[in-house]
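Several structures are given next for inspection.
You will see chain A twice below: alongside chain B first, and alongside chain C after that.
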Partner chain A sequence: MSSKGSSKSFSPWKLLSENGILIGLLLLCALFSYLTYEEQQPTGASAGIQVADLIQDRYSPGSNVLIIIKPEPPEQNEFAQAASQALQEYGHTVVEIVVGAPPDARQAWDRLKAEGKTVQAIAATQDVSQWTVFDFMEGFDRKNIVRAESYNWPTFLMRANLVNIAGQIAVIAILAIGMTLVIITGGIDLSVGSLIAFSAVVSCWFIQEKFGAQEASTMSMIIACLIAIAACGLIGLFSGALITTFDCPPFIATLGMMMIASGLAFIIAEGQSIYKIPESFKWLSHQKDIVESVWDTVRFGMGPKDLSVPNSVVLMLVLYVITHIVMTRTTLGRYIYAVGGNREAARLSGVPVIFILLFVYTICGALAGLGGVVLASQLNSGLPTYGLMYELFVIAAVVVGGTSLFGGEGKITGTLVGAFIIAVIRNGMNLTNVESYTQKVVLGLVILIAVLIDRIKKKGLMGKFVTALKNVILILGRMVRSSD
Partner chain B sequence: MNHHSNSPLLKLRGIIKTYPGVRALSGVDLDLAPGEVLALLGENGAGKSTLIKSIGGAISPDGGSIEVEGEALPFNDPHASRDQGIGIIYQEFNLVPAQSVRDNIFLGQDLTRNGFIQAKQESQKVRDLLHQLGLDIDPETLCRNLSVAEQQLVEIAKALLLDAKILILDEPTAALPPHEVDSLLKIVSELRDRGLGIIYVSHRLEEIYRIADRVLILRDGSTVIQCPLDDLSREEMIEHMVGRKLDQEFPQRDRTHQTESDLKLEVNQLGRGRRVKNISFTAKGGEILALAGLVGAGRTETARLLFGADRPERGTATLNGKPLKMKSPRQAIREGVCLLTEDRKAQGLVLGRSVRENFGLPNLPQLSKFSFIQQRIERRLFSDFIDRMKIKVPHSEQLAKNLSGGNQQKVVLSKWLQSESKVLIFDEPTRGIDVGAKYEIYQLMHDLANQGKIILMISSELPEVLGMADRILVLHEGRVAGEVENHPGLTQEDILNLAVGSSVGGDRRSA
Partner chain C sequence: MKISHLFLFTLLSFGMLAGCSSKPGDNSKPQTNPNDENKTTENTKSKGTIAISVLTMTNPFFKVLAENVEAEAKKHGYDVIVTSGEKDVAIQQNQVKDFIVKKVSAIILCPCDSKSIGPVVKEANDAGIPVFTADNACLAEGVEIVSHIGSDNLGGGRLGGEAMIKALGDEGGKVVILDYKSAESCLLRVQGFKEVINKHNEGRETGKIDIVSELPGEGDKELGFKATEDSLQAHPDLRGIFAINDPAALGAYAALEKAGKQDQVKIVGFDGQPDGLKAIDEGKIFADPIQLPDRIGRQTVQTIIKYFSGAKVEKEQLIPTELYYGKGKK
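Showing the complex of A and B:
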């Protein structure tokens, strides 16, 4: 940071307290990695490539290889495709790909033998390699079955699981951006959960009723989404107007808007699911696409080929980067912090306080609208019951991320980490089979601990402790005195 | 009543209290006998409030002892103070506005039987108490519907309910209209006659002469004198309060560096509500114009109107002939007017942010390009100010709340200097600031005046007004009561006479 900045003196305690939540997230990841550390079987294309590599190592070039897989699930086929392609690149011959049950394997073996073809190795998937049929195949040594080797690795850290976490958190994390701004100004917005439902319903209603249902064009779907987001922004602006011009407490103003938005969502959808929308509406929650095309040009043949990150996660990350820059580098960000830190001092320093508050609530509403569109895209339908309780998850993410509910303090990066902490805990508890009721209790505790840590950091643990002790002594003293 | 004539009711010895950077009390002694009114006098920041809070248990002194009727009082225990019969009426009332008079008086000590409140008995008791104080109101009236004077009496009734032997009144007449002052003073003397010991804090010497038996004068946290009222003349009293010779306290203005300035601020019949009725004046570049007057005379309110913090209802103001819009602080800053508020913590600084950010706040439009803040420039400019104004901060990322009052004031000043204001309004610029920093701020004000800027200084401390101002505008109840050129012969009395709005002479000691 700055040359004169606080980073000049290094102290481990400072490092710990300033990056506490990040360390907390890493510790959680470590914990769940440890708890889910178990034997993993490679499957699909990566297993196929591994098998091809093993054959290349063990057998002379130009060997004949038989590939045997089961018809289901699709990973079996991916295995066969990848293995045969890689083997041919190495100069081996794939004599046949057998798809089926043990008898099919035996038949194929017998037929090949009858045709006078020799087979040096059999490439098989994990489950196929355990068939007993191989013991009964004449002239075949079990040693020549090549399969991918199992390895030990935490389920939590499997790529599929990590992508899963990111996908789950996208909606909450997008909403948490707006909520962070609102909370930094010292307010709160309870309406975001309902706005998700409102936005999902509005966007889907326009697509189904106005833009030709399943036949809707891409352009019209984008327009429908923009209408929904703008409507939510307007609702946010309205909350902001109540809060600024009528001095309505944010809690009450947004509580009212929460009910209104939820009611409107039910009215528009007539209480039903709106689902007659094109499949392509799922694009936002699709994996690959953007990332895939960018990655392909950037990777220069290195790293994994397949980076399946959903588009919604990319959108979320882009929004976080933009907001982070706005909050740390621009006039707007500085004003938002000043309004939350001391509204009157900010006003007397020439900060346009009313504009800032209106802006912040509008953005919060619009981002909730965007979250609703993403959720509708993930589920390819709009339902007025979406987003139930989301405002609480979002507030939890912001608070766990270190933003003070009293306003004036907080970091957008903290909120991102906070959102991930909540997602990781939920995911980790699912993986370790913690039942859902217990999960609720744990999440509640996490929020309380985060707030306590924040308070202790501010007051100092010892100061807090001494005050508490003194109060206890005072109360005891008074009790003794009054019982005389 | 049982008068303990040999052991004093309240006895303080060597009370010491230090705040970071400031010695608020350095060994104060105080004696209070039953049936007497002790006037506690001193300038702002002399330590009166700290002393009262120590007695009330609201803060913990660092040393000394407090005895009530010969029994030691523990520090920092408000309940013990209350149990010992000490009742304090602070300037800020401790009433719950949305609750009734009865609920407020009995708050925390309700008359109960089997856990149920005995409302009828409580009401009767409240009526009795209020009757003694000459107040006849329904005990069920909500406190927010009472006038300030009535609320004050409810506070006193609260203390009487607890059989208070010692009553401490902190500037009780500051917020009262003149006709209510008389009845309050009557009640105070009645309570004295009933044998209560009363400590009376006030700035108004006139009241002191009407009510007090003895005076205790504090200055810079120490007792200057404690004696019967009749032993001191009015002049001696002021001298003891003010203490130092004026020419030691204020820097000499070096007018050789004065630049000519044709800046001119004209204010014409400015008004809003009851606090600012009709204010007109002219200020020229290069001069320090002081706005003097009592609390409530409308000085701060006038400043807020000029700065656009409140919208004026009447009147105009022009700077060099160009009308000031007085629409919002943002607009005022653009037009070159700035206000250094009297309450730095509540209005001047965002305490939870760094001093650098506070410095930049009003200047962001100049410091940013396409709304991106050029932090390198901001840092460089601020570190210039740190050097120039000798601001004591370890680094520019220090949070504003961790600075002493004087340094906070310098940060506030630096942000307005950067914004190149033409009119600087200082509202109580040295309140709560130690002597050394005070001197430096006075010097800065001189420099600014020499640069040709218009300085408006609001101050309740008359020595400051006399020591700094070129011209003095005295306000009384929202109007200009008088305008005087500052010359060496001018006395605090002259200003006070204008400030009270009449020709109150120095010879009202007959009471």
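Showing the complex of A and C:
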């Protein structure tokens, strides 16, 4: 039933093969870390102190220093405060702290010049130091801009990027939960992409048209989202009914629903984006207060202050934990595997097959609705063109995660890893400037490989596969050598 | 047993593939601009990175725009990242998020949706990265766009209306608009077009130009084709089509050709990209208000340079369009 083996003896090979995709993910991360290993700039207070030290080394005591920063993000201000404090402790004078855009810097410079003040050095953050405005400041030499020294670290592993990846995959990962259940029962749901659009449009439409647009209250926004999710659940239930009662092939039933949902989304939105939505609607995918509040109570003043992911990622993880427990610890989970393993046998042994099928399609629809709400929150608007091709990415995440398209087998944790593999490949390729057409080819290849592995596992074609792979590597090797 | 091993291997080889394919991009830098190496002797180190995400690369308009951004930025010593949202605002949003992580110096957007792009523009604002829009403006509230550089779409739409009046002559007749409602620039074109047509119809008994429907062509050849086929069914006596860009206009022409009505129905397009101009020269499209994507691209980069040099930049810079009726015609 489940993919857990029966042998209890410990074998490193088995451990490897069971966690193969996880290791694959880690290796991908290592690869992209290597490829994006580049200069990084220190920010915030540490950069400020470093700049003050550099000025202390290079300039005579009592120099006049101008600090220039941008208004955002907050690290810029931290930089200015730390630099200013340290400089004054060293006995230098901070003439002024300029906060703003290049025109502000130029104005400040001209003003200081008019007042007859001299400036020996300008302390600037990394991005400010790149401004060309310094070339236009009369009587100033670019060499006198002091900024923190850079260090080397993979951009891929920057905290902001990791949070980015999690945020980017949240929608697909949430949908992939429902899809995993459906695929484990041996079915497929093609309507999820359209349901995203439908749900985003419905929730935004209710907020804009019925609940007072920008003045909508939190409660009414929640109700609008619940309506959208329930509507998508109903559509899922309807697909399930077609599949069970009329013995419709899942592929066809959900294909029909896919078009219906997409059409409805266009009708409701009249082809336009629905955007008169309160700013607070972004809470779900932009705010990070769930983790922040938990982290604040747990950390006892230790560790980094800012260790946060968007609320939508928390939601995604919670859903994965719940589903994992349901699938591994409950009768319901065992039934779902049983239906996919052998439907007739399951029916004969008393599994309520029809109920289980209706259940998984309803859940899949509702989760697609939830995904649509998250996407609408990310973009703070609803548009009927959302979710295009998402069903394929979702199926890809499930298959890469090791769930068999033939039913009966699969793990919810595998799906999460599969979703992350797709997100990491996309993000990594974006960071390494691979253009989007090549990205599609690579993603397609990854899916094919995952399916191949699934088949090989089943049929024991290992020997053939190894020979084929050896040949491919040999040919690739020759190509690389000849192209050099 | 060794499944995991093989899986790793294949994944790694993909990684290598990804790694390899990023190389041509790097290599092409000196290739595309061999002359510029001498110019930037003073400042060999890059001044930073300008990142651009266009609406779609399948429309030559954006290709030309992006190429000119790239060339102009490199001339001034900036690195460039070019991406395309391919009309999916969620993809474009992720691209901008990656720009923010990479801490680019400036971002140029041709938004896939004028309003839905708002939240991520806000994120860029919060990260202190200046955002510029080219061609299609951002209409979301509470976000800061340093400058918008685009065609005068309203004026262009008016020119399109004038061209249509000229095309249909005194007879007037039924006209269909192939629109693209989620792009602000295209809404303005339609608005300008209608203004002129309505004015033309005022106080006129005969020869009115009757806008019978506005169908979604989405600026796409295929959808333009389908929408035209359908409207020919609904209005066999159709006389004119106003398409908000060249791909939609060319799609419309394909449908007219299929129905054998290319002489009965006159098309006015928009953009004036190479394939559109060729179609006008061949008489397939009656006229185009021409946009100048090369100028938009270059001016956007120049605005960024100006901004970084500390000069004030205008919030909106409109570049006028001009009518093109074909080689040597007026």
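Everything below uses one rule, namely that the second predicted complex is superposed on the first by the 351 of 484 C-alpha atoms of A that agree within 3 Å, B and C clash if a C-alpha of one lies under 4 Å from a C-alpha of the other, contacts with A are read in each partner's own complex, and residues count from 1 in each chain.
Here is the rule we go by: a contact is a pair of C-beta atoms (placed from the backbone, for glycine too) under 8 Å apart; a residue touches a chain by one contact, two chains touch by 3 or more.
What you see is a predicted model, and the numbers here were worked out from it, not measured in a lab.
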{"item": "Broader residue contact with chain A after superposition on the shared chain, chain B or chain C", "value": "C"}
{"item": "First (chain B), second (chain C), both or neither touched by A:I222", "value": "neither"}
{"item": "First, second, both or neither for A:M259, with chain B first and chain C second", "value": "neither"}
{"item": "First (chain B), second (chain C), both or neither touched by A:T331", "value": "first"}
{"item": "Touched partner set for A:I267, first chain B, second chain C, both or neither", "value": "neither"}
{"item": "First (chain B), second (chain C), both or neither touched by A:V321", "value": "neither"}
{"item": "Touching partner for A:W131 - first (chain B), second (chain C), both, neither", "value": "second"}
{"item": "First (chain B), second (chain C), both or neither touched by A:P352", "value": "first"}
{"item": "Interfacial residue positions of chain A with respect to chain C in the complex", "value": "13-14, 16-21, 23-24, 27-28, 31-32, 35, 41, 70-73, 76, 101-103, 105-107, 126-127, 130-133, 135-136, 155, 158, 160-161, 164, 167-168, 171, 270-273, 275, 279, 282, 286, 375, 378-381, 383, 385-388, 421, 425-436, 438, 442, 445-446, 449, 453, 456-457, 462, 465-466, 469, 473, 476"}
{"item": "Residue ranges of chain B in contact with chain A within the complex", "value": "77, 79, 307, 309, 328-330, 332-334, 339, 341, 346-353, 357-358, 360-362, 364-365, 368, 371-373, 375, 379, 383, 395-397, 415"}
{"item": "Chain A residues within the chain B interface of the complex", "value": "1-2, 4-6, 8, 329-332, 334-335, 337-338, 341-342, 344-352, 408-409, 474, 478"}
{"item": "Touching residues on chain C, where the partner in the complex is chain A", "value": "1-15, 17-19, 21-22, 25-26, 47-48, 57, 81-84, 86-90, 93-95, 97-98, 100-103, 105, 113-120, 123, 125-130, 140, 142, 146, 181-182, 216, 305, 307-312"}
